[in-house]
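Structure provided below as structure tokens; questions to follow.
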Amino acid sequence: MPYVNIKITKEHVTPEKKAKLIRGVTQLLADVMGKNPQTTVVVIDEVDTDNWGIGGETVTVRRQLGK
Amino acid sequence: MPYVNIKITKEHVTPEKKAKLIRGVTQLLADVMGKNPQTTVVVIDEVDTDNWGIGGETVTVRRQLGK
Amino acid sequence: MPYVNIKITKEHVTPEKKAKLIRGVTQLLADVMGKNPQTTVVVIDEVDTDNWGIGGETVTVRRQLGK
Amino acid sequence: MPYVNIKITKEHVTPEKKAKLIRGVTQLLADVMGKNPQTTVVVIDEVDTDNWGIGGETVTVRRQLGK
Amino acid sequence: MPYVNIKITKEHVTPEKKAKLIRGVTQLLADVMGKNPQTTVVVIDEVDTDNWGIGGETVTVRRQLGK
Amino acid sequence: MPYVNIKITKEHVTPEKKAKLIRGVTQLLADVMGKNPQTTVVVIDEVDTDNWGIGGETVTVRRQLGK
């Protein structure tokens, strides 16, 4: 019954990687907490680099600066 | 003043259905909790089936399997 | 499979009202969107009035002012 | 280390305004709480006016009514 | 830089299990997406069984019914 | 009409600081985006240091290590 939300920037994301994240975090909750995988819900949000900030800057700007 | 977030997969969603969800949940909070509809905020997120997991699988895969 | 998050201030909330909110919103998603109630997840967050702001003020202050 | 999520309707939003929101809220958390800007994360969600409800109506409808 | 939110019911949760969830999901994002663990943020919400609904019922009621 | 959620660890938080965060972020949205303060909603979540992870560790552990 757990609910997991994963937010990542929209960079180098593929359906295969998303499927792996979903499988992996569902398995983790089964292993650590004994949660039933059948009712574990995972939602992945891919966020534009203009809309993600860290250190007071957008990721767009950080990528331009080579960070 | 309540805030409601509804996440659904991006399948068969129309502006009419979204308007009904917003009206319905706002009314529910007025009926059950006495909340003022004028300040009840509802945000609907439509999520790609690749980005929604349940049972360790993406909904995309589940739809292909007829689940 | 929908996921709904309801945030309300921690004022006059009872287990009965929370059960009604959960039942009502689950039914709404079945009626409007045809969603299976068995996999509809609802999470209610009760928020301290010190931690909820509207109009630039905390709800605690607004209650003191009779708003 | 704070995490801030800002949800606004997708109306008149520009990269410059988003950068200002990120800079401003990161600075606010440094000023008020002494939080290190380097690990403050801000995520902005731009929401379609069809998917945002207030007063039981979508913002799309409210804009048509001149509200 | 990813942000992960894990919501589970407040049942049989210990600091050790929470530390394992944090370690595990941070490692998963490094393995699958190449994300830097140093800036991966994980927030765990433990939710009262009265405040979590599935199948239109609270988890409190489901536990009483032996579900 | 914006909705802002601020998550911080439960350390050195006071009602005064929370009121300042609410006032500040509401003002920021008015200044940058022209949003009406009367309908700007801010919710602050204070998270136990056991429930917040960064760098694969809980904040509880990081504080013990002097980080």
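Note that the chains are named A, B, C, D, E and F in the order they appear, and that numbering of residues resets to 1 at the start of each chain.
Please note the rule applied: a residue touches a chain if its C-beta (ideal position, glycine included) is under 8 Å from a C-beta of that chain, and two chains touch if they have at least 3 such contacts.
To keep track of the chains, here are their UniProt names: A, B, C, D, E, F = Tautomerase.
This one's a predicted model, so the numbers in the text were calculated from it and none came from an experiment.
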Margin query: According to the touch definition, list the chains common to the neighbour sets of subunit A (Tautomerase) and subunit F (Tautomerase).
Written below: B, C, D, E
Notebook entry, point to check: Compared with subunit D (Tautomerase), which chain's mean CA position is the farthest off?
Noted result: E
Notebook entry, point to check: From the centre of subunit F (Tautomerase), which chain's CA centre is farthest?
Noted result: B
Item checked: Distance between the centres, which are taken as Cα means, of subunit C (Tautomerase) and subunit A (Tautomerase), whole angstrom -> 26
Notebook entry, point to check: Roughly how many whole angstrom separate the Cα centroids of subunit A (Tautomerase) and subunit D (Tautomerase)?
Noted result: 20
Check: How big is the gap, in whole Å, between where the Cα atoms of subunit A (Tautomerase) centre and where those of subunit E (Tautomerase) centre?
Finding: 14
Next item on the list: Indicate the residues of subunit F (Tautomerase) shared as contacts by at least two other chains.
Entry: 1, 3, 7, 21, 39, 41, 43, 52, 54
Checklist line | Overall pattern in which the protein chains touch one another (line/ring/star/complete/other) | finding: other
Item checked: All touching chain pairs, where touch follows the definition stated at the start -> A-B, A-C, A-D, A-E, B-C, B-D, B-F, C-E, C-F, D-E, D-F, E-F
Check: Contact residues on subunit C (Tautomerase) for subunit E (Tautomerase) in the complex?
Finding: 15, 18-19, 22-23, 26-27, 37-46
Margin query: So in the complex, the part of subunit F (Tautomerase) that touches subunit D (Tautomerase) is made up of which residues?
Written below: 1-9, 12-13, 17, 20-21, 24-25, 28-29, 31-35, 39, 52, 54, 59
Note to self: Looking at the complex, which residues from subunit C (Tautomerase) come into contact with subunit F (Tautomerase)?
What the structure shows: 7, 47, 50-58, 60-61
Margin query: Taking the touch rule as given, give the residues of subunit A (Tautomerase) at its contact with subunit C (Tautomerase) in the complex, in rising order.
Written below: 1, 3, 39, 41, 43
